[in-house]
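Below: one structure, written as structure tokens.
So that you can tell them apart, the chains are marked A, B, C, D and E in the order they are listed, and the count of residues begins at 1 in each.
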Amino acid sequence: MASSAAASNPTIPSLNLPPSQFARLQPHAYLLAHLSPPAASDQPSVRANGRATSQFRVTSANAGSLTHTNGSAVVRIGDTAAVCGVRAELLHTEDIASWSVSTASEAEAGNTSQKGGSKTEDEEDRDHVQDLNLLVPNISLSTGCAPGFTPGAPPSTLAQSLSHEILSLLHTTRLVKADDLRIWYQPPNLESEEFRNAGEGMDVDSEQTGGPEPEIKAFWVLYIDIMIISLAGNPFDAAWASVLAALRDTKLPKAWWDADNETVLCSDNISDAQKLSLRGLPVSSSFCTFEADAAAGWRSVVIPNADELKSQAQKQGSQQRWILADPDGYEEGLSQERVCVVVDIEDGKTVIVKMEKHGGWAVDSDDLRQLVDVSAKRWHEMKRILDQC
Amino acid sequence: MVGPTASLSILQRADGSATYKCPATGYTILSAVNGPVELPGRRDALKPEDATVEVFVKPGTTTGGVGERAIETTLKSVLGDIVLGREKGFPRRGVVLTLNIVGGENVERGDSYLTLLPALLHAGLLAMISASIPLSMTLSAVLLGVTDSGEIVQNPSPAAAKSAVSLHVLAISSKDHLLLNQSRGRFDFDTWELIRARALSICQGAANDGDVAMGEGTNTASVNGFIRETAEDQIYSAYAHKLDSI
Amino acid sequence: MADRRRVNGPPGGTRPPVFASLQESTTGAAQRAQRQRQPAELRKIFLKTGLIPTASGSSYLEFEPSASLAAARSNPKSLIPPSSALKVACTVHGPKPLPRSAAFSPNLVLTTHVKYAPFAARKRRGHIRDASERDLGVHLETALRGAIIAERWPKSGLDITLTIIEAEDDRWWGDAPDSHDASWGMMNVLAGCITAASAAIADAHIDCLDLVSGGVAALVSDDSSKSASSVPRLMLDVDPAEHRSILSACVVAYMPARDEITEIWLKGDSSKAALEKGDVRSSHEALIDGAVDAARGANTVLSEAVTESIARSIAQA
Amino acid sequence: MSKEAQLSVAERDFILEALRQDVRLDGRKPDEYRPLDISFGEEYGHVNLQLGKTHVIVRISAEVTKPRDDRPFDGLFNINMELTNMGSPAWESGRSNDLEAAVTHTLDRVIRHSNALDTESLCILKGVSCWSIRADVHVLDYDGNLTDAACIATMAGLQHFRRPDAVVRNGQVIVYGVEQRVPVALNITHKPLSVTFHTYNDSKHIILDATLKEEQAAEGDLVIGINNAGDLCYVSKIQGAPVDAMAIVTKTSVAWEKVKTLNATMDKVLQADLAKRAKVGMADESRATNDREVQPE
Amino acid sequence: MSAPVVLLPGDEVPHDRLPTKNSNPLRLGPGLRLLSQPSPKAGDSNHVLTATQAGLLTTDAKRNTVSLLSFPNRRYVPTTNDLIIAQIHHSSIDFFHCIVTPNTAHALLGQLSFEGANKKTRPMLKQGELVYARVQSVGVGAGAEVELTCVNPATGKADGGLGPLAGGMVFDVSTGMAARLIRASSASADETDPVDGLIILGELGRKLESLGGFELAVGRNGKVWVDCSNAGEGSVSVTVAIGRCLQETDQHNLHPHDQKKLVTRILRDMKLVS
């Protein structure tokens, strides 16, 4: 046993522990030994899981396998697995308290909340999708996905934060178009005859010739539920990818207002159904920072200024810090600093839609620029995977 | 533009407290810190070597939800970063920060907390200072928006933030580190670098000659300078009796 | 009221879509699916262990889609699925020390937890466990407790969590629930949960007396005419969507090596069953025997999956 | 941590002995409130209240919503209080405790159930839309008698608050911004307040407005909700040592006097604030019209 | 002396502010820590003192100490040798478990850590009773418990009034005020110059002498125990008056001449002087 351990991991020859034990007892030293092998050995710097620092785990996506959903997907990123199901339900405008309410400024502009003529399509989308709560994502970690999450307990802080982040990202990317969710009704032109009889007295006539304006009678509400079935680090990327794949798979039935029954009816004919037309393909990539000196944060050493930190990194021969792409659970446990970059590529140009970092003071401009490049590469990979599923 | 106002140790019961008002965004935050204290029922979850920082954000005219939990996670990670949780009396104890939004609009469902984040960070930091929680350094933060004409706006109002193409909150330590970045919207990296440079000059002052420690060299127009002045004023008034005798 | 710990939908609530085309049946959706299997023929079960490495033991179980569902999937016409097929993920965490607050226990304390995903069934499920989910948890616990050698692990706990990703239907979707109707689909779900949990427990190397597996048998009546000639028949592993009426059903948790039943759940009226001539069993005995036969069938799949799990752990060692 | 630190024997004995000599720790008389300070924020309905060291902020807010199905003519009114670690280190943020439940209950009874705010006046369009008024009580510092502090602040907030004006036109509700139409005050039917007493030494000593330490040393409490006209709307003597029925009668008249004084104080502060606003408002208005003239395009 | 220096967390203590003449090792007070510079480019001095709290830098050349005076309302963190007033929470076989500050872990006070205590003579303290104690140790690292004692380990005597506090009343003040009170009361009794800006004790002492005087014990944890049992019938009023004077001085951070006015006002209010 011991000899095989030494063979596979020459950096810790003095220990007679099998690697798995060493990994558990001295996690920090174990990962460090992998990342900074002695210069003498020809070992490349790899992570304990065998990946290069900017390498993501094997990712697979499979869409449309769940029977009772409008769209669904299973995404596996390494050992982290997310199942997402999208269910569409109807929100009648009569059930919306604010529907019959308009602010005076809108009313003066000659518009009701049903149609904001001066607004751009994007703004209107934001109003409807966001103000009416048309997107309802929720993440569940109470699936036994990892130890530490009590099944049946209310959502943990992590689950709540993730749900919020998904919702927030859906809103900022405006991924779902409000128009896909609207159910319009064209009232019959009953009054047209009366108008004609009334004669020339009506100045508004010219506008009315087209009959009454179409009105929105209902909206589709998308309940997006994400079950993290297995959690081995980086839940956000997996959850977001599953949401993206599920929404790409989502078909909404053709729906219309049935004036006789005063309700919305749908067609179950699949050829009538419409796929959602999403705005872009924002792909999320998460990273964490592993510090060579785990105690640097609290040891009695002066914290160097940002500039000094930079020059230090250049001066010192050995690397002090590694930014690990798509961290697994083991690596997440060993690092504080997190980065999340969400990019989309439009016409070959990288557009950043979200960039977050917190939990440390090491990552700055230079690193972030590299991470954006890594994320752009990841975008192409994810696009290929999502296009195939 | 009217600058922010803040004062320290305004409450009686809490170990440390502060109020922070940002006229540009309209937000007023009251903050309180208790620590080091025992955290009940979480003994197993506490780090044995370190203090546990807990953050609770309470909105002004609504009940908190998932959005608050998300921003708490961020605040905890940024402020927890500068707390020296291994100092005497702190390991295995809690530092409990409560942030009460007493003025300004509510954050809408599913909206990011970006417009509030700098005010929350400053109020939280000042309360920590007021409670004499050991810190490795201080920080200052700024909200920047990019308009559709590409202009960078400092502390846009909630309405202006809504129409911004991208929004960025950066927190910079008193030693110039980037402690936090939260960017949303649509932008490219070159724009962000402009934002980064702008944030540094707003937080640390344009005339930053690198010698921050001395206090004299600091540009008081900077956010960092404002934090320093606020703390200094409070110390001077608390030790007026001492200073009189000098 | 709004749930503060979740993202909430519109405050006024939403309504599930109503399909207009039931009468017109342009898509063939309005036709009831027919059982294509022999009465004693079971659906294929897909069972795999060890898919969730963060757990001590895990398994994933899937029932083969019925013929109608398979047809609808390969050539979709209607948005209304004709039936559905069980998909369950199961994790086992432990044995682990009991929480400090817990009382002393000389045995392994078993906690079972069954939760449907919100999108698992035709009707959207809530986030909070309802009575039927708690019921399933209790049945499952009884089924497993009889198989586990609990005294091997004093002062320890074992958490078994099952997530139902897709559930079985209780009846054909076009039928209105009738008076003696019960949630028949739940019985299939329970049988699947028992088999899946058993595999996950074995995957976690928990000492057991035997591999316990679940099986379902039911008395069904498929004749539309109310004539006296229509007698209910005994069938194994029924898909409720494929039958006009289920009179009674039985699910057992069965250990073949010991020929023991650890859990039995029988529902409905079994008095009208027509058994083969010369069969002296009472109809509920026949129902139980049928369920045991079904469980035996599931056990062959279970053994394979467990063997695979062991082979894997030997390879890793 | 969910409990306040208990009183020491010395403190308890001393408080009780002092009360026997009619002495309170801060030198107050038995029926005396601590100094009361009420101020208003920039927004309507934002009240900052200090009663001794007890410090609360109340914010009133309004939004248009759907009325309840069973009460199509009524608007909604809710009082929310969530105790956080700010008010006392003994409170755990995000978890409710007994005090929170008790105070919320009293506020509900005294203000909401006595219909101090006329909810019918909040109806905009029958069964379709109405105003939902929400009072949020934030406790910043807790040094006893949270009930009265929160009650006074909530009542002050309701009287100070102005909701946007709304009209119904062709079945459409139109809400006017504060800058477009003068916002509307809420319809307050009467002004009830709670007055809280604590009892000591077999109810021989009954004091008003106890501090936290005095509350901790008490045997029982007596809460009286009463308005300016002397109409009782709430009396609670839930637990603790028995109190002589006559004492309740005398304390009720004490409470009535106190409520009259408190309401008078409140009125004065409200008037002063309104006057100040009127001045600023007029200045604003003239400036606003000027602006309009300056920029005709 | 040069202008006062206020440091914020992370600030370095300016070298010219450190006492230099003394050959004894420099002693660090709370709020400061010694850090080493990672790159020894600075040459001779590669150690720096850094503030971890915001506060006023003070140095004592005589004792060669440097410390930071931070906010007076902060929570008390037990420090070895501090005098505190603790409240018994419960007792176990070997220890009394005491509350030092609310909502923190209990400190341990040995059942025999009293003057002349043995198994038979040890005090039987009940829940809620108070002791005046010295912090013996605060332990290091995780799970460290604070230990208290009521005897001087060297002499076995209860120096400075250590031990159970019977009767009287205890008032809460800020930790900053407690520290000032300790310094003020340890100064000679007839000192007329304000010590640390406090004249309140001397003032009270003079005015209340005729009423029998009072006994005072100050705990660094922000507790002041007052006993006026000599004042006979007026003892309650006198105690309340002292408590109010101390708390108001603390709360409003009163200037010495305001303290004088306060004493006069409160004594009149309590009808102790005409």
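By our rule, contacts are C-beta pairs under 8 Å (C-beta built on N, C-alpha and C of every residue); 3 or more make two chains touch, one makes a residue touch a chain.
This is a predicted model, so every value here is computed, not measured.
Peer 1: Give the label of the chain whose average Cα location is farthest from that of chain A.
Peer 2: E
Peer 1: Name the chain pair with more contacting C-beta pairs, choosing from A-E and A-C.
Peer 2: By the number of C-beta pairs in contact, the winner is A-C.
Peer 1: Compare the CA centroid of chain B with every other chain's and tell me the farthest one.
Peer 2: Result for max centroid distance from chain B is chain C.
Peer 1: Quick one: chain A and chain B, Cα centre-to-centre, how many Å?
Peer 2: 27
Peer 1: Measuring from the mean C-alpha position of chain B to the mean C-alpha position of chain C, what distance in angstrom results?
Peer 2: 52
Peer 1: So, what's the distance in Å between the C-alpha centres of chain E and chain B?
Peer 2: 32
Peer 1: Hey, how far is the Cα centre of chain A from the one of chain D, in Å?
Peer 2: Computed value for the inter-centroid distance: 43 Å.
Peer 1: What are the residues of chain C that contact at least two other chains?
Peer 2: Within chain C, the residues that touch at least two other chains are 5-8, 11-12.
Peer 1: I need the residues of chain D touching at least two other chains; which ones are they?
Peer 2: Chain D, residues with two or more chain partners: 1, 65-66, 89.
Peer 1: For chain A, what residues touch not just one other chain but two or more?
Peer 2: As it turns out, chain A has residues touching two or more other chains at 95, 97, 133, 160, 163-164, 167, 303-304.
Peer 1: Please name which positions on chain B make contact with chain A in the complex.
Peer 2: Chain B residues touching chain A: 50, 65-67, 69-70, 72-74, 77-78, 81, 84-86, 108-112, 136-137, 163, 173, 175-189, 192-193, 196, 210.
Peer 1: Could you list, by residue number, the parts of chain D that touch chain E in their complex?
Peer 2: Residues 1, 4-14, 17-18, 21, 23-27, 89-90.
Peer 1: Where on chain C is chain A touching in the complex?
Peer 2: Chain C reaches chain A through residues 5-21, 26-27, 29, 51-55, 58, 69, 76-81, 84-85, 87, 89-93, 96, 111, 113, 115, 117-122, 124, 127, 129, 159-161, 163, 165-166.
Peer 1: For a test of understanding, state which residues of chain B touch chain D in their complex under the given definition.
Peer 2: Touch list, chain B to chain D: 11-15, 17, 30-32, 34, 37-40, 54, 56, 58, 60-64, 96, 98, 100, 102-103.
Peer 1: Could you please specify the touching residues of chain C with respect to chain B in the complex?
Peer 2: 2, 4-8, 99-100
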